[in-house]
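First chain A sits with chain B, and in the next complex the same chain sits with chain C.
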Partner chain A sequence: MPNEVTISSIIINDYERVLTEWLKVQSAEGVKRTDLVSGKESEQQSRDLLSAMAKAMPKEATDDNLDLAEPGWEPVRDALETIAENRTQRGVSTTEMGWFIGALKQPLFKILQGEIGEKPRILMREIWNVTRLIDQISLHAIETLVSKREAIIERQRAEMTEVAAPVVKIWDSIVTVPLIGTLDSFRAQTVMENLLDAIVQWEAEVAIIDITGVSTVDTMVAQHLLKTAAAVRLMGAECVICGISPKIAQTVVNLGVELPNIVTRVDLESGLAYAFERVGVIAGRG
Partner chain B sequence: MLESANPVPMMTINGCVIVAIRDDLDDQEIVSLQDQLVEEVAKRAAHGVVIDISALEIVDTFAGRMLAAMAQMARVMNARTIIVGMRPAVAMTLVELGMTLDGVETALNADRAVNAIVSGRSNTP
Partner chain C sequence: MTLKTPSDVAFARQAAARAMGAIGASAIKTTKFVTAVSEIARNAVIYGRGGVISFTQTGPSGRQSVIAVCTDRGPGIEDISAAIADGYSTGKSLGLGLGGAKRLVDRFEITSSSRQGTKVTLECGPR
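What follows is the complex of A and B.
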């Protein structure tokens, strides 16, 4: 059939019309988010995506070549990548991202209906093609958005761990590490590494672990503390755990956790006093 | 007694046997080190042993057990043994392996260990 109207011919030939309609629907659906993305940017992004689609669109749509994973669709995937990157930074939600692409359906359906409305069979086929394509693009967009966010979370986690275990030398031969928040296996490992390195670096005799800021102490955390204390001892230093609040003391005993051969103190002050005694520093008031 | 091709240098100062392990040891060498050490302790009637393992990058369960055994042997010969200079990575590995070497005294370096032995002060409680 010559000059048959298909989704391909619409996107390639009626490019401007589709774009105008799409932008209209975007503002009607309220997915434009002018507070986050300016109208101009939105238009530019829509234009980029649509032109990438026109470029990648096969002349004749079959079941196979409307697959977004095909190499021919790379420009569309790249365009989505750029848009998702930009929108993640602005804090656009996944729903809004999905709707942004989904809004493209309406203008396409409208044009299809106007052109081939009287041929239901062909119309159905084309509607199916549009739905398939747009849904794929929409899902890909959401997936890209989510993976971008995950990358951000991963980066922040890495930054967190970097600052999570600061070991400080508070006196000659005394190092301390104040712990804040939750102590998972990963962090416990970092704490241990940093602490042992600090012991070597500053030739410490006493290592104070301050757990005042640790929210919960369960068997896992106790296990980590025990391991750290054992490693510190192997290095030839002594480990003092302080910040054992009444609440922590109760939980620890109720859980049946034992801390054998480890010096524990109520707060950093008494921990430090013990450390001074160990290294032979005499401290007093005035 | 087993003769090692490359015996670990050992010296006794002021009744204190000082052993500086300079290279990663294989199982055979550790066994011969043990023989060498108890001989030295007996010959010099030493009252202290300091084993410097700061050059060791790998301490496996066998080496860990042998170190603990050496400390115990020296103790029954009335010599207090202190292991010094364990690397952080080694300490972490041993702890992960569940070898906390509970009966063995440790110190950060040979200087502190010798001081502790000479002064009779306890280094680890």
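What follows is the complex of A and C.
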């Protein structure tokens, strides 16, 4: 009696046939995305994943005890990692990623049917095993893809936080920080730290916070501004908040927020004029 | 849309601005409404253990207004009139959010119970 036909035996012995069929289904299902991933790369990725599966299969269970977290499946997880990395950078969607792996079912079903079509009980068992295995791999791939994307988003957020608080010295003893976008607690903290450091570094007497680019000043933003201004004052410098538009002014008044002991100006120009006056610079025209 | 993290609050603000844009509201009304939404949404995230906010348009065309309904499943507010009063906060904030939001919009309703959480309704016209 020949060896029993299982998914492992098919993938290991009929490797080339499975691969060819898989690539065919990929193009038929339109999941190849030749615009994002070249045919050659797609083939290489499919080949890598299939080899990894063939490597893992003799050692690991593909039946009810299937567990992709077992150490034997490591080559498969590594291959998925590489593929997900490559495809995230190209902008492949999670659906396409799922289909890419899901397309492997059809060739496996086909071969199973050809080999053990006359033994329905074994056929059913193997079809179930294939489905479970491919679904698990597919889910793992999607999860990897999503976590790669989350990592990218987190990195961009960190980058944004960094660029969003550049403290510049615009004159002797005068520093300014233009705020842009949303001032959440984390960024407010960054801004405060950068500003206080700059005051020490450049021996500043006046710190200008320009909020022209902040679209909403609610109580939390106001509280952050108050705290920053208080810290600046403790350092012996004076804080000027400028860039308060008429609508922001009215909104802040309606909110009931008061900004005691803080100098405010309508725009950066008048803020700077005030700062010049404080540090004794005479600005003339012509 | 769901409110869970501070970035959801930013997202709610953008949605509020879009809704006001859709009814052709003035810049000042938009800013006021967006700020009120920001306060209410942040309360839901910080004190209400997260919640949901939705925006609808109502009224005859030309005089439409935007209604924002924000609900959370938090512990509720024990004394609503105290919470609306300026300077009251159970956290470390300024304590102006609820009262401020009330002053910023045309209609403000709040109901709260320890079992069903807090529901805040904000309505704001175009002018």
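Just so we're on the same page, the second predicted complex is superposed on the first by the 276 of 286 C-alpha atoms of A that agree within 3 Å, B and C clash if a C-alpha of one lies under 4 Å from a C-alpha of the other, contacts with A are read in each partner's own complex, and residues count from 1 in each chain.
The rule is simple: a contact is a pair of C-beta atoms (placed from the backbone, for glycine too) under 8 Å apart; a residue touches a chain by one contact, two chains touch by 3 or more.
Bear in mind the structure is a predicted one, so any value in this text is a computation, not a measurement.
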| item | value |
| --- | --- |
| First (chain B), second (chain C), both or neither touched by A:Thr219 | second |
| Chain B versus chain C as contact partner of A:Glu277, first or second or both or neither | neither |
| First, second, both or neither for A:Glu16, with chain B first and chain C second | neither |
| First, second, both or neither for A:Glu205, with chain B first and chain C second | first |
| First (chain B), second (chain C), both or neither touched by A:Glu70 | neither |
| Touching partner for A:Glu159 - first (chain B), second (chain C), both, neither | neither |
| Intersection of the chain A residues that touch chain B with those that touch chain C | none |
| Complex contacts: residues of chain A adjacent to chain B | 192-193, 196-197, 199-200, 203-205, 227, 230-238, 261, 263 |
| Touching residues (chain side chain C, partner chain A) in the complex | 6-7, 10, 13, 27-28, 31-32, 34-35, 38-39, 42, 86, 93-94, 96-97, 99-100, 103-104 |
| List of chain B residues in touch with chain A within their complex | 82-88, 90-92, 94-96, 100-102, 106-109, 112-113, 123-125 |
| Touching residues on chain A, where the partner in the complex is chain C | 182, 184-185, 215-220, 222-223, 246-248, 250-251, 254-257 |
